[in-house]
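As written, the chain order gives the labels A, B and C, with residue 1 at the start of each chain.
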Amino acid sequence: MTILGKANRMHAPVDLADIAADVMARIRARAPRVHCITNTVAQNYTANMLLAAGAVPSMTIAPEEVLTFVASANALLVNLGTFDAERRSAIEVALGAVDAARMPWVLDPVFIDSSPGRAQCARELLAHAPSVVRLNPTEFAPLFGGDPAGEAAARVAQACSTVVALTGSVDIVTDGARHVAIANGDPLMGLVTAMGCAGSALLCAALAVETDAWLAAVAAIAALDVAGEVAARTARGPGSFASAIIDALHTLDGATLRARIKVS
Amino acid sequence: MTILGKANRMHAPVDLADIAADVMARIRARAPRVHCITNTVAQNYTANMLLAAGAVPSMTIAPEEVLTFVASANALLVNLGTFDAERRSAIEVALGAVDAARMPWVLDPVFIDSSPGRAQCARELLAHAPSVVRLNPTEFAPLFGGDPAGEAAARVAQACSTVVALTGSVDIVTDGARHVAIANGDPLMGLVTAMGCAGSALLCAALAVETDAWLAAVAAIAALDVAGEVAARTARGPGSFASAIIDALHTLDGATLRARIKVS
Amino acid sequence: MTILGKANRMHAPVDLADIAADVMARIRARAPRVHCITNTVAQNYTANMLLAAGAVPSMTIAPEEVLTFVASANALLVNLGTFDAERRSAIEVALGAVDAARMPWVLDPVFIDSSPGRAQCARELLAHAPSVVRLNPTEFAPLFGGDPAGEAAARVAQACSTVVALTGSVDIVTDGARHVAIANGDPLMGLVTAMGCAGSALLCAALAVETDAWLAAVAAIAALDVAGEVAARTARGPGSFASAIIDALHTLDGATLRARIKVS
């Protein structure tokens, strides 16, 4: 439960469970607005996860109004699923507002391994300095090149001045200097569509209340993973699990986080 | 449980719980078709709420076929969330059909407080004489000007010849002459995305079976609020609540309405 | 529980419950990729049903990338709900890939009874030889002409060299030679939006692991119907039922299928 630096670097031990609990409490207290440019499959579940955590979602992608919504938001999600002309245009406009306001934003390069056009777009978006890139192992090579391992993630995080959150059975979160592996979560999380997309939106909410992007990413990912473990105790399958994890996230407390969090 | 008129006007007491139960029974018996021009975040939940109540939803917004769908429907919902060119075009075509058929319709001016373009559109749509305008307090000023209080709502309802349903912790429903405040519902309703949008669709179903738009609005809003109270008794958070309110609405009966309804 | 041929044709008895269990087990083992061109109302629920069954969904309709996604899929769903220009264009591109790869695909002509344009499109799509056409009784006449009875279904299945799956309170599955009526399922299935659409996607997953399209259709439809019966035992209404059937499908086993399947 301590932050582990890379081999040649030491960090003071910090209790990540307490940080995660504190970040979640700040989301509930401040109700940050998260604007989500995301795919139609994920919109509803993403909005419900944000609301359950205490954040306020908005979802429009219409080019004539996305600017107004992003300008008044506290963080932005750019999810490349359902990659059409309207969304690309919305992303461009939104990132202009994000650059101007130095607003935190998360890039979720969904399915870029299946679509060269998306991969190209994702690589270009790195120039806009995302606070965090959250991706699956299969999406790592098309975006960054190389194998999706901890060392490679740390290298690209440093090179791109971003936080890389590589999620899988173990979640790796690195900013190049600080590195953590989170061994929480439940396999049922992989059987609910948009779980990763919604998790990226939760990460946006954390960035809106915690300026250290690495800590924000660790907090959001650990919180969702632990909520998944709580939900799995009562769920009878992926259908009831999808609701139960929303319930668990809504009431997640420090004691549960401290009892369950497994980081190294 | 009586209909209260404005200060200088008296109405015979009418049992609103019985009316709400009767309207819900008529929806189940007649299965009205409600066409919904709504945002992609809300579509699925809206369709499920209509089906649970006994109505039949349709959702297309393609300009070349929206006319056919609206023409054969019994009521129309116009929700301004996800405000894009295709939806605006669909709204125009749909309202032509509604005007011609004198079909009841509901305007839900979602998030117009965040988008001047939507607010402008909403104001123009008032010319098509919506049967009911359902909105949150923050959406009141951009549409009508003034503070979102009961008096102001009654004034604009009269001026626009519509019913104004101003929903919040207490729901106000007024047609200018008749005025009611419904103190039912549960805070979890605010943590499920599209709850308001789906509630507006339910209001359409009520309008399809009850020609008095004020009574229809009171019935639909009270029914959903009471369903929310029933659902809150078993829900473990906003995730399970979202399903439980659908279940409760499906089986809502007069006895439950009579026992719980709180109007003044 | 035997395959019944038309009057003048005999088939060896085959245990359909065992076949259904086996097809579902193969989906879990092989995790086929199903690309879905479907409406925005149905996307989320369809993806969750595929994941629960063990398949892997993708959903993009962007013309510039749909080809890549379909080319790497194992089956395609074409659902005509939300029928807009972008979806029509995506369908055209996708069917080109399907024709080239001789990939199985399912046509779900949603709501063609309400839209002459959709009906015309559906008739044209028959030229691309769908493996299965799954439709409701009201959609039968606009597509094939005639009454939606077993005899008519068998005739058009033979004429079009396809399998016709006519779903209702009893589901008829015929390829012209083989004919079965499945008397399973629960009325709550009709109160969950996109249940039919998601069922068509499940049918795609079955086609990806079973080359006999008639057997695949029988297996998928029987499995979902039986999962519906299992779900109905615990559901408190259509809201909890929507989750419970996903749970039940995820764990459906041969014993449950054998105990419940009712075919003639």
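Note that in this section a contact is a pair of C-beta atoms (placed from the backbone, for glycine too) under 8 Å apart; a residue touches a chain by one contact, two chains touch by 3 or more.
Here the structure is a predicted model, which is why all the values come from computation and not from measurement.
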{"item": "Inter-copy rotation, chain B to chain C, in degrees (Cα atoms; steps of 5)", "value": "120"}
{"item": "Classification of the chain A:chain B interface as same or different, half of numbers criterion", "value": "different"}
{"item": "Between chain B and chain A, distance of the C-alpha-averaged centres to the nearest whole Å", "value": "35"}
{"item": "Chain B: positions in contact with at least two other chains", "value": "40, 44, 242-243"}
{"item": "Residues on chain C engaged by chain A in the complex (per definition of touch)", "value": "40, 43-44, 47-48, 51-52, 57-62, 64-65, 68-69, 72, 86, 242-251"}
{"item": "Chain A residues touching chain C - in the complex, by the definition given at the top", "value": "39-42, 44-45, 81-85, 111, 114-118, 190-194, 235-240, 242-243"}
